[in-house]
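Listed below are the structures to be examined.
Both complexes below contain chain A, partnered by chain B and then by chain C.
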Partner chain A sequence: MSKETIYYGPNADENKKKLSKVQDVTSLALGVGAGILAPEPVYGFLFYVIGYTVSNIAFYITCCEGLQGRAGQFYKSPVKEIFVDNLLHNIPEYIMMWCLVYALVK
Partner chain B sequence: MSKILYIVGSILLLHAGYSSFEFHQLLKTTHHSSTDSGLPSDIIIEVLVGIVVLVAGSLSSIEIPNFLSVDNEVIHPDHKYLKPIEMSKATAEFEKLKINPFAELETRIEFIDIVNKRKEYAKWSGQEVEEK
Partner chain C sequence: MSPDLLLDPQLKYWVLLPISFVMVLVGILRANVTQLMSGGPKLTPFKKFREQSFLGRVGAFRANNSVLTEQEFQQRQEYFIATLNTDHFYSEPISEDDKPANPFTDPSTNDAMMNMMKGNLMNYIPQTLIMGWINYFFAGFVIMKLPFPLTDSFKQMLQNGVATPDLNVRYVSSISWYFVNLLGLRPIYTILLQDSSAVDALMQQQSQTQQVPTIGGPGGPKVDKVYKAEAENLQVVDHKSIFDGIVERVLEAN
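Right, the complex of A and B next:
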């Protein structure tokens, strides 16, 4: 019988909050950047996906100590939680800032 | 540190935004369409640097500060940014700090065995007297 891991909920919640804070700031900053650069819509979304993934890689390497293979200590399924789960969740923030700054700059 | 990075990043983005605004105004007055000529590369670089600085600021803002234990010792956390979620590792940190997150539950009046506690206290105070 495999040994079941018991998790401490408050720490897991805190880690998730920290991740979503970084992702919120990233998507807002990327939105401002996209508004200033004014790319074509398709490239705008590509810019978002690339920028978001790069910042998540930075989070994975620096905060989760992913290169030392310790990411599993902080998240139950680190790759899914960091890179995939909030990708669509943060798009509205990005589009909001993109439209606002684009309207101001143009 | 994170506040400085936030401020620098915001200033860079604000400056790049204003430069871009002026550039578009110039294009309008000279009757060029903005699709013909892209933004100058210095504005693009400024925007990218601003975004990187803001993201760095957000990463440094989640750093865990040092703790002060019950015994007045400064304790450095094992991990700089996040806390371990496994119960055994999480409780190891509490033991280092000499605090118990479940103390509130474990010391509820209904669950305290008063008679046993008095016995323990009597034993302890008796030992103290003997030592003296």
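Right, the complex of A and C next:
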């Protein structure tokens, strides 16, 4: 019989909130970095995707204890929720910071 | 590659940053005002609640009557049936006409409409004001160069009011910075407000999706019908007490 984990709603929400906070700050910081480095457009978006994924991996390992295989205790579908769901959602923030810092340091 | 345009460095201090600053402040103000106007949770009138909870009580009795002895069951059944057939627990007197009430005379519906209107006002007024402000003060010049190229179809929107038809689309006017801010300020609000539900409401307002208020339709079944039906259900309840033959069962088990 397979064991099914039951998630307590408020706790799951809290976990999601924490994750999205980390991701918000990450995309803002990446935007600042991109503005200063002023990469070519294609590399700019690549920079976002790579930096974002690296920070998500760090989150997965440190906060979710993913290496011990415990991420499933915190998120229903950890890989999807951590790595994929907010990728597009956070792009406007990145672009805003990128534009702002780019314009400021130029 | 066309040569770079020289932009006055003062532009960023007097146009770019003020726009962001004002938008952040207005967003926070709006979140607070929305919270103030939304008020507390609405209470159910106690008679309405009593009506519901009496029905709940009857339901519980029907579900759990096996813990009662025969005599206790009889007593309660009589009481419930008698009470269900009177209007003692009705929240309002039953009107004779069968017409469903007009949903627009219902005060709760009016409340919902009012809330929707408030939300829309809170949505449109600040946006119109800020856009008007930007168009009034900062119209007609290029303020920044975007870090990435765009296709020419964005020209219409992003270089609105700039009188140079052949300018590279990367140079944009102030109104486009406003749009970028509109989309990208969510994490700033999240960090400043520490309350993501308010932020979600805010971003939802900004994305102009309107939520339809829950307007009470032309009512469920009338309460007297529900009570009558419940009384009939109660009449046919088959009572089987757990105390029936308990001595034999205990002795058998040993």
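Note that in this section the second predicted complex is superposed on the first by the 100 of 106 C-alpha atoms of A that agree within 3 Å, B and C clash if a C-alpha of one lies under 4 Å from a C-alpha of the other, contacts with A are read in each partner's own complex, and residues count from 1 in each chain.
Note that a residue touches a chain if its C-beta (ideal position, glycine included) is under 8 Å from a C-beta of that chain, and two chains touch if they have at least 3 such contacts.
As the structure is a prediction and not an experimental result, all values here were calculated from the model.
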item: Chain B versus chain C as contact partner of A:K21, first or second or both or neither; value: both
item: Contacts of A:K106 with chain B and chain C, given as first, second, both or neither; value: both
item: Which superposed partner A:G33 touches (first chain B, second chain C, both, neither); value: first
item: First (chain B), second (chain C), both or neither touched by A:T5; value: first
item: Partner chain(s) touched by A:M96 [first = chain B, second = chain C, both, neither]; value: second
item: If touched residues of chain A are counted for chain B and for chain C, the larger one; value: B
item: Touched partner set for A:K80, first chain B, second chain C, both or neither; value: neither
item: Partner chain in contact with A:A58 - chain B first, chain C second, else both or neither; value: first
item: Overlap of chain C and chain B interfaces on chain A (superposed complexes); value: 21, 25, 35, 38, 104, 106
item: Residue numbers on chain A that touch chain C, as the complex places them; value: 17, 20-21, 24-25, 27-28, 34-35, 38, 41, 44-45, 90, 92-100, 102-104, 106
item: Chain A contact footprint on chain B (complex, rising order); value: 9, 13, 16-17, 20-21, 24, 34, 39, 43-44, 47-48, 50-51, 54-55, 57-59, 61-62, 79-91, 101
item: Residue numbers on chain C that touch chain A, as the complex places them; value: 7, 12, 16, 20, 143-149, 177, 180-181, 183-188, 190-191, 196
item: Chain B-touching residues of chain A, taken from the complex the two chains share; value: 5-8, 10-12, 14-15, 18, 21-22, 25-26, 29-30, 32-33, 35-38, 51, 55, 58-59, 62-65, 70, 73-76, 101, 104-106
